[in-house]
Amino acid sequence: MTLATPQPAAAPPVTAAPNPADLTVNNVEVVYHDIIQVLRGVSLTVRAGSVTALLGTNGAGKTTTLRAISGLLKPENGKIREGTVTFGGRVLSALPGSEVVKAGVVQVPEGRRVFKHLSVEENLRAGAILGRGDWRNDLERIYTYFPKLRMLRSRQAGYTSGGEQQMLAIGRALMAHPKVLLLDEPSLGLAPLLVQEIFANVRRINREEGLGVLVVEQNANVALRNSDYGYVMEGGRIVLEGESAALASNPDVKEFYLGVTEHGQRKSFRDVKSYKRRKRWM
Amino acid sequence: MPASRFTQTGNYRTRYAQDQTIFATSAEQLSLIVLVLVLLALPLLLPKTLLRDVNLIMIYAVAVIGLNVTTGYTGLINIGQAAFMGVGAYATALAATRLNLPFFVAIPLGGVAAALIGTFVGLPSLRLKYLYLAVATLAFQIIFEWTVGHLPLLQQGGAISLPAVQVFGIRDTFLNHNRFWYYLILPVLVLMALLWRNVLRTKYGRALIAVRDNDRAAAAMGIHPGVAKLTAFLLGSFYAGVAGGLFAYFQKAVVIEDYGLHISVQLLAMAIVGGLGSLPGAFLGPLFIVALDRGMEVLSQWLGGQNLFPEGVDVATALRPLAFGLTIVLFLMFEPRGLANWWRLSRMYFKKWPYKF
Amino acid sequence: MPQLHVENVTLTFGGLNALTDVSLTVPEGEIVSIIGPNGAGKTSLLNCISGFYHPTRGRITFGEHDLSRAAPNVVTGYGIARAFQNLELFRGLSVVENLLLARHTHLRYSLLDSLVFYGRASRREAENRAYVERIVDFMELEPHRTHPVGTLSYGIQKRVEVARALTLAPRLLLLDEPMAGMNVEEKEDMVRFILDIQREQGITVVLIEHDLGVVMDISDRVYVLDFGQRIAGGTPAEVGCDPRVIEAYTGVAAAEAAQPQAVGA
Amino acid sequence: AQKTVTLAWSGAITGPTSDAGASYAAGVEDYCKYANAQNMLPGVRLNCVVRDDQYNNANTQRNFEDFVGNLNTPIFLSYSTGSNLQLKGVIEETKVPTLPASYHIGLIDAPNNSYMFLPVSSYSENIVALLEYVAKKDRGAKVALVVNPSPFGRDPVVDARKAADRLGLKIVDVQEVGGNNLDNAAMLRRFESQGVKYVINQNTAGPVANILKDAKRLGLLGKMQFMGAHYTGGEDLTKLAGDAAENFIWATSYYMYDEGDRPGIQLVKKIGAQYGRKADTIRSVHYTSGMLAAAIAVEAMKRAKTDISAAGLYKGLTSMNGSRAFNPGFTVGPVTFSTKDHVGAESLRLLQADKTGNFKAITGGQRSQMFQLVHPLR
Amino acid sequence: MDLLPQLLLAGIVIGSIYALAALGFVLIYKSSRVINFAHGQIIATGAFIAFALTQRGLNFWLAGLIAMLATFLLGMLIERVFLRRMVGEPIIAVIMVTIGLSSVIDGLIHLTPYGAGSFSFQTPAVLSGQGIEVFGTPLSRTQIAGVLAALGLLGAFTYFFNKSTLGITMRAVADDQMAAMSVGTSVERVFALAWAAAGLTAAAAGVILGLMSGLTLGGLAGIGLKVFPVVILGGLDSVIGAIVGGMLIGILENLSAGYLDAIVPGGGTREVFPFIVLIAVLLIRPYGLFGTKEIERV
């Protein structure tokens, strides 16, 4: 696969007749405070029931992309200036956050943001505000995915560990019965074992509930292994996309995101002798 | 050689010291000189009652700078600033009447007295945060009023008259009262503002802001949050005390009602409408609130005289609080960062002038 | 010579032991990493060192200073700086202002100097500014110099954290997951910064990091915490093969984890 | 050509005590307009100014400066205790005669008291008169004073103590009760245990009403007699306290609205109707008070004839004595002033509230003898 | 007759009114971290609406109900028109908006015949009969009704916040608005609800207060300030705290009036003594007696 520009033709599943159950982001531009442009025409698709990964450098606009989808730009003083987000035949980009959730798209925010002063169980119940289904059953459902949470149910969420908070944040989002889940750096600050566990769980929920997932990750290794399709973002644009397996073998992705040399050897951090000129696709 | 002496555009600064300047370009320096001249001539231009309002604005501005130090820059909500003014006023009055000290000693003494008490009142800030601290200042306000009411030394809140002041052979009389005090208050205000501006450019000022934004991180920077908060109280109440001393002389007598809770609330309104944590805001806030009040008074007088409304509907009376409240509310709804933000934006505009972006 | 000694430190929160009898030593000039699962007590240990928590039992010393009961600002005064895990920046202030604040203890002039400003305070402030700008250059933060920190992306904020700690000109630098939320390329940059800090400025570094690749590559010594207890300690090679570590932390041997994994669905 | 003279009042139309102030302002304004309509001052048109100072002294000072400095007001109608105390020095300096709504005795005490004139008897005199009444009925009785926590409230305490001593009464307690006290049971119970029989109030109507209601609930109304000075009683009190106000004894110099046979009250009703005031406003004693102040001012102008200046009005005011006393009929006695005498209508009556809340006189108009002993003026 | 039990009882009676008035404060704070300085004015509005209706011949209870409905809507309106725009602005600016609002409502009340002067309810027959005697202290029926209404409302809200999904969500919003939005909470609706509920309790407090101590704008609005120490003592975000804080302040006021005033010349210690105790308590418990401690982990 060659680089430089996104190649729609190279990814047949995406160009196939758009499925209304897909979440599609269409040429979206976002500005903060009316002047700081962050997204410069981002298009991507989360196919129904699939896991899609979104990679990119710090400040590329990944979080912003998720906010644009979930309608959470407004509290940050951001605006979609151009483009649309559609899901299930509805245009989401005009809706406020709570309506987006009703439409079935739920974001797990960066840095987890659990309700610190509420107990674990109360956190989950707050996730059930839309009243889809019986919250008692839903609690049970979440506890089967994350048995640890059951043990912590009456602990104040602010005093649980990072990994527990991440599970809680995902569990809380699941209480709203989403059709598409947006995860912002779920591995952030988690120990390797837990990263595996969280991703395994995401995969499991994806399989069992047919849940579509868009996951923003810096841990490209795990993300590409646990996803079907991937995008790479730089400077507010999608610069690369493809099946996850194919992406993982792209030499640039290998070098900058997976940290392996051309020879497939992991290079030692100690040997990074000089500062690297960051690769730009623009 | 600067590209232009009058605009900032195109001028590169080559030394960090240049970033420290307050008035960077000749245009700014020129406007400063013009401003000083206008200020000096103001009493000759303004009618007497307006001049009185200007004096009031300036005295409040001193108190509001102080309130900005504690509440605006350090984030310690203070609803007792009027009481600190009161401490200054009473201390000044006692110094002037009991110790026969001249006003230029009595007023700073008022500041020092308020600073001492202010630091003491600030002690709970070592443990309390946010609104829980606010109630400590509220408590002080109430205890202050109560105590004055029980102290025969302070006439139990009745009037303590201050002696008339004389400077360079000119006496303060009914006829020249406002001009007389204008020329005394103005330099005090300018001096107090400059001092604070200086503190702001240095580590002491930054430490206060740091404590406001994140006191844990401030501690990690080696700043003692407690010391910083007490410094804020010390400075903030010193300013209040000086304002109180000025107010005592300006009002000719100290009476407890002048330092009540509603004045504290009004000072807070001035600080917020002006823009918390901004020096220009400390001038603009009092200016705005006092002007608004005058405007409303005129309007309600006029309306009251029109007999436009049926008996029993007291429009004239209703108008003042109504318009006052509504203005503040609308103002904050559309410009929560206060008047200072307008000031900032217009300055930015001139900085980039003649270029738009 | 200032060495950091943690001796038998126990920390309890209402019945819950966050740390139990932890001892470790950080020799001068080394990079020492602390690893362990989430909730193992790594951050709590840093909190004890930097004065945010005080150990229920045990002692922490840095050179001749006893840190066990010292307040954070005092610890900072001893030459210990810290970058926080969960971003404790002054969000409303710009990058430069954040760094200026870190110079607080290095600026020596009185409140009176400050009121007058011209003269001593003014000179010191100008020097100070020059110092801060050098750090901005070093940490490659130029594009963000005047931006309010709160609007920067997560990864950049982490870098500002490290820069600010560095601005304190410490003898010991405590870094709590400085590379969280970064991709490999950015981690490489951060590693360079850390190595330069250690090698060129001789600053001792304590690093908490979940990326074992990084830890194994650059540490002189690694300690492993689990459930508040120190379960291993030694050179990276020793620790990487310790079965307890593998069980508690990685699930696979660290040596293996350090290898690229076969990528595929 | 007509000459325009400003007749100006500054007081609380809004803010604290505005319940009294608003009616007072109406009285001043209406009388002033009426004087114009009646052409009471030939060749002179009164410019009637009532200005709200919101009970804020800085505002009062500003109004004063505007009135005296810009509008050349020859006489100042003022309001609150605090602002008048503060203004004493300036008033002395500018020599502008002043008629306050506050009947605080300290206003006409030295120093700086040459130009202050109380329209009616002082609070202190009210209280002392009440004590005299108590002493007559019940020598040696125990009395408690309840006062407002302000200079206004504390003012009569000293004189009351002196008078009680001479009258053989025991003041066993002095308490401050302000506007936001909602519950006075504790204080009343203590009074009860101390054997207090008479509770004398120097306050505004609100706090007194609360005390009365608590006393009624505790069944103390029969056991203690509640009494009060000018600003405690009247319509305001009965409106607030309802039937708990029954039997309350009130000292004031003014005639009541019900006393329709009095010429002053007839005038009040007439003017009130003419300017379309609400029934409540007209009934209020403060409306009458405002009229009295304005009437005194207009009368002083009348007497000043061509010299309508501060000095002329001072002369006009101080000429109101003996056969030249001024009696507009609003008060039980005539208004008398001289250079020595700065209290207008000294005479006062005690009135008691009946079941329906109307105050009926229980004494005739008289001065308090004792007061002149405990507080000799000048 | 022993003074102490009487003082305590009187403290509890007045304290439960404070608690009821404080409830509205807590409701708003709990969901939006806003201190509502216009609360006293809303209380006054409720009381005057009820009063105006009874003046027009309406049954007292009905008038009270309508007043509660009216302030319910008023609360919602205030949120909608004034506070919604302020979401995400500095909290102190929001607080200042409420101070401005207090002025606005004052002005509006002055446009009615109730702005100046004092009024009192015709006490309804059920409440005007013989009260009961507790510890030798007679309590009027009005007082008993006040205590019961206060406790009833307070109990209902305690249950609501701890057990119902909506109540939990309201607390969640206070904790982290953005996160609450991410799970589909309409933050605006939560705020509107909080303000509406606060309005409702305000009218209840206003009517009871009006019954007990008459209606003046100053007196009713002034209670807004009185409530501040109550909520701080109890803990700003705690309904239970409002009850306990109200009772404690009520009792402290009465104890100081009962004992301290006898010693301190001039008395009036009830104005300051509760504050002194309050500060002392805060120094030991910086978040009040029941307030949630801010979780600060670095």
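As written, the chains take the letters A, B, C, D and E, and residue 1 is the first residue of each chain.
Here is the rule we go by: a contact is a pair of C-beta atoms (placed from the backbone, for glycine too) under 8 Å apart; a residue touches a chain by one contact, two chains touch by 3 or more.
The shown structure was predicted, so the numbers you read here are calculated from the model rather than taken from an experiment.
Minimum number of contact steps separating subunit A from subunit E: 1.
When the partners of subunit A are compared with those of subunit B, the chains appearing in both lists are C, E. The greatest centre-to-centre distance from subunit B, using averaged C-alpha positions, is reached by A.
Work out the mean CA point of subunit B and of subunit C, and you get 42 Å between them. Averaged C-alpha coordinates put the centre of subunit B at 32 Å from the centre of subunit E. Subunit D and subunit E have CA centres that are 36 Å apart. Note on chain placement: the centre of subunit A and the centre of subunit C lie 28 Å apart, centres being C-alpha means. Multi-chain contact residues of subunit D, defined as those touching 2 or more other chains: 14, 18, 22, 149, 154, 176, 278. Across the assembly, subunit C contributes residues 52, 84-86, 88 that each touch 2 or more other chains.
Multi-chain contact residues of subunit B, defined as those touching 2 or more other chains: 146, 149, 216, 312, 314, 317, 320-321.
Pairs of chains that satisfy the touch definition comprise A-C, A-E, B-C, B-D, B-E, C-E, D-E. Residue ranges on subunit E touching subunit A, taken from their complex, read 87-88, 165-166, 168-169, 171-172, 175-187, 292, 295, 297. Of all the residues in subunit C, the ones that touch subunit E in their complex are 43, 47, 52, 84-86, 88. Across the complex, subunit D is touched by residues 47-49, 52-53, 56, 146, 149, 155-159, 161, 173-175, 177-178, 251-253, 255-258, 262, 297, 300-301, 311-312, 314, 316-317, 320-321 of subunit B.
Taken in their complex, subunit E has these residues touching subunit D: 1, 3, 6-7, 10, 13-14, 17, 106, 110, 113, 116-120, 131, 137-140, 143, 209, 212-214, 216, 218-219, 222-223, 225-226, 250, 253-255, 257-258, 261-262, 265-268, 270-271.
If you check the complex, the residues on subunit C that touch subunit B are 50-52, 71-73, 76-77, 81-82, 84, 88-93, 97, 100-105, 107, 109, 111, 113-117, 121-122, 125-126, 129-130, 133, 164, 168.
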